[in-house]
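The structure appears right after this line, and notes come after that.
Letters A, B and C mark the chains as written, and numbering starts fresh at 1 in each.
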């Protein structure tokens, strides 16, 4: 089969999409962005391929009546990948200690590192046996928080201190992140199958998936703020165009797209073919972007995903005039000290963010039917509610589209561009 | 009428973004028109004599969310034109048959062109106030501009004013200027009796109501103040400089007053007392009005200062005239006239040992904590270390 | 432009500028009077008819920007109390003054004998010279050029300007230079100016050709240099523009494109009209973002700040003072917004552009306030898509290459997609 790949190097995450010859999505992959852009792109692509192969496994397994086991196989696979990276991390940290630790500390240092890695592995294995929860943390985040927690427990302030342990970790994790590693489907599906006890039918499905050739016939990359994307020039498309086309692919009647990302906001107008007709970006100042909500969440000691639901409880929206991230904390504290309720302040903050987006939309040409909202903030119910209200007040009835896969919009558009290069 | 009743009346006008009072006036007489003007200065006598109610457009402050307005301006331009456009786009300014744009700065200047594109049926005139220090050429030019305005406005209202009409309007605005001078004098002498918040609301009301009504209410207020003396506090006396165009939110003015300062002079809504003296009633009224402007002693950021030492001395003179202890430079963000003037004004003030502080605001600033702190600290420091 | 081809006109320009800077440096000794003024509404012929040397602080500022000196100067001015919100040309100038007043080419700039405040098209000019007056303690003459609020030069406004010239400006120049007004000398200069203007306009109009032998924005900034500074109305100016015209006509005949810092741009994929001043601190990088994509600017509005000649105006020696008034009134920043929209729409049509771009500059309210409306109006009127990017004149903190490149690339790809009628 002919497939194509689109890759979107974002500021926080890198995404990849594989399409088949009918431009149907075969697989989606996502990883954390990192300084080696080429590797980030490769990892995202690998993840998308893995996702595609698992899709095939699932399909074949269904035919063979073994679908129930696929979920477990998948978790086993992720575990194998995790352990592989963990072993690599351990190897690098031991090398580092052998190389640069003071002679007297070498043995206990090596011991402590191995102990930490052993415990992390044990925790991961234990987690595998629990109720199905597909881990969504990237290795760096998961390993990082576990490492710190365990290091704190076993550190010896007079010997192998916490700082020393973290120092070695910091140095080596960069290498783990930026050096190529075998994390492909073929590399670990065997041991994953073994781990789940090789149920009948499953091996068959896996064989079929392994054999499929998913080498892309064309690849297009996109991304912002990268001095050089790791693709030849002909294979690059602007992220505005990719975003517009991706939104169009998700919702063909889209005419206006709003993307509120971590650090920038885009308002895009597209025609019936998904071609961008005008756009406006707010990228110099990150006020009102996702990062702002991150600061607020930190200030309030809440998870990012908790902000929206809490804001939804508000009965009275407090008027916030500025979404400047520099003053986020101060504004919040002042309001709280004046006796305002948290949910009311949050409702005001969400409205303020959307107000900024409304200006951008107005500058780009308004909000036409249908209106597609993408980016991390689109998952926030309070933001969506504020958007609906403001759009309704200012432009009238509009169909508002939000896709659960909206984070892949740019990669999807890039993949479609890739498909079109084959025409 | 009590003080509270007048202040409530004024507050209603200030908060009313639909210009109800002006609309009522229009409805009450056939052929009446309303003419808007942007800050800082406009020849209201000319509007009035031509059958227009002059309506000052000061934006919507913190009382209106600007959604459409923001679509017209980049982030590094002040807030005033955004809320003005918001008012216009939401239909609230549809009562205006004419809008005058004075030469305050390039933003207001360009707004005149934007208005022509957006509202082609409204009469728009950019008023290029003469900047040349030479009275003769300035007078000839300015008189010509006023005559041009009279002609154009007359076409719209169907009423080209006679000299008599114009003298009448001049006399009325002389009265208005007088009562404002009285208000400012009273506040200067007894700021504890005349809070700036109340004075401010009155001034704003005067921008959107018929001048006769304002004069009446202002006189009532003065009488009420005399009958209602207040307790004197141990506050520092300050002048506020820089707020002559985009206006601060009321909360900011209140914050300054509540932090231990008496505002004894300011340049809020400066246009209503732009002409320092009365315009004489004798002779050709157009020439008299033009001359009053050209020979006007008022010095401000939007007029060229012909005297090389003028900027250096200005703050000292204003502080002395108001018997003030210090200066608060309060300027809108991105305001070219106020911000470019400030180093010269402040430099002159500091050379004379006058204490100063400075901060920026926007008409829709929502947080006043920082102003309270700054003004409060300033007031304390003046009391501790002495003013002028 | 060290690695660009050395056209004779470029060499001429270098010489002219060098000798002018040398004269300025010697002025305290030679006693040549020095008059500071502004590019919009610059009365070069009048100034030179008094034997005085013009200095243009705006040009000093932009050159400081191009030589990467402006960042420090601006910091110096901000330390002295100037706001981060105000015009960076002013801050750059103040900072340069406070740092020894060494001009961008390294020579010391002379103090002014007169500040000729040509109040044309920009409010900030008033403040700039009020500030300089404090620093230099010298006379100022205020020349008020009324704004074309209604899109025309009104007769009363012209009279006002004539009166000011006769009663204020000329006497001030007489006092500052110790010489009498010499109308014949002025007329002679104006004749030379008109000659040079003919040649400049021929060069500008060459942008209508396919391929265009000039870049109407980046390249043209160099072309208008002599016209907008000290050389309009001089024999050197005439020679420069004659030479330049010849070169451009030769390139046009050979079907060649303009010389860019990376070599000739013959393969022109996009023809653009640009509104707004350029960024000076990253001028070459900015130009490269266009030329790398094969984008040539065929016309620009910024190239008319020092005078609009391409719609027929020429300095007229038969009416020496009247023509100065006409000239000043027609400078781009003195035109009202509807006229600016008209100019852009006209350029897009006459120069057969594929699109237009607005470079919105943080410092300059005269240009920037209203540009978003201009964007929409021009799009509406011409059906052409407009690009909108943001930067600054000479504050390096306000130029983000990634941000601008992203918007530009998206814009070019948008044009491509429109051309093909589908995305590709």
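Here is the rule we use: contacts are C-beta pairs under 8 Å (C-beta built on N, C-alpha and C of every residue); 3 or more make two chains touch, one makes a residue touch a chain.
Predicted model, so just to flag it, every value in this text is computed and none were measured.
Student: By CA centroid distance, what chain is farthest from subunit B?
Tutor: The chain lying farthest from subunit B is A.
Student: Name the chain with the Cα centroid closest to the overall protein Cα centroid.
Tutor: Of all chains shown, the one whose C-alpha centroid lies nearest the global centroid is C.
Student: More contacting C-beta pairs: A-C or B-C?
Tutor: B-C
Student: Measure off the straight-line distance from the CA centroid of subunit A to the CA centroid of subunit B, and report it in whole Å.
Tutor: Result: the chain centres lie 53 Å from each other.
Student: As a quick test, compute the distance in whole Å between the mean CA positions of subunit B and subunit C.
Tutor: 36
Student: Can you work out the whole-Å distance between the CA centroids of subunit A and subunit C?
Tutor: The answer is 48 Å.
Student: Do you know which subunit C residues sit against two or more other chains?
Tutor: Within subunit C, the residues that touch at least two other chains are 372, 390.
Student: Using the touch rule from the top of the page, what residues of subunit A touch 2 or more other chains?
Tutor: 284, 363, in rising order.
Student: Among the residues of subunit B, which ones contact at least 2 other chains?
Tutor: Residues 71.
Student: Write out the stretch or stretches of subunit C touching subunit B in their complex.
Tutor: Listed in rising order, the residues of subunit C that touch subunit B are 80-83, 85-87, 90, 117, 119, 122-124, 126-128, 130-131, 133-134, 137, 140, 142, 144, 146-147, 149-150, 156-157, 159-160, 163-164, 167-168, 336-338, 340-341, 360, 362, 365-366, 368-373, 377, 390.
Student: Note which residues of subunit A are touching subunit B in the complex, please.
Tutor: Residues in contact with subunit B: 284-285, 319-322, 327, 330-331, 334, 355, 358-359, 362-363, 390, 394.
Student: Could you list, by residue number, the parts of subunit B that touch subunit A in their complex?
Tutor: Residue positions touching the partner: 62, 65-68, 70-71, 75, 362, 364-367, 369.
Student: In the complex of these two chains, what residues of subunit B are touching subunit C?
Tutor: Touching subunit C: residues 71-74, 76-77, 81, 101, 103, 105-107, 109-114, 116-118, 124-126, 128, 130-134, 136-137, 140-141, 144-145, 148, 304-306, 308, 311-312, 333-337, 339-344, 346-347, 360 of subunit B.
Student: For the complex, which residues does subunit A have touching subunit C?
Tutor: Of all residues in subunit A, those touching subunit C are 224-227, 237-241, 245, 273-281, 283-284, 363, 365, 416-417, 420-421, 423.
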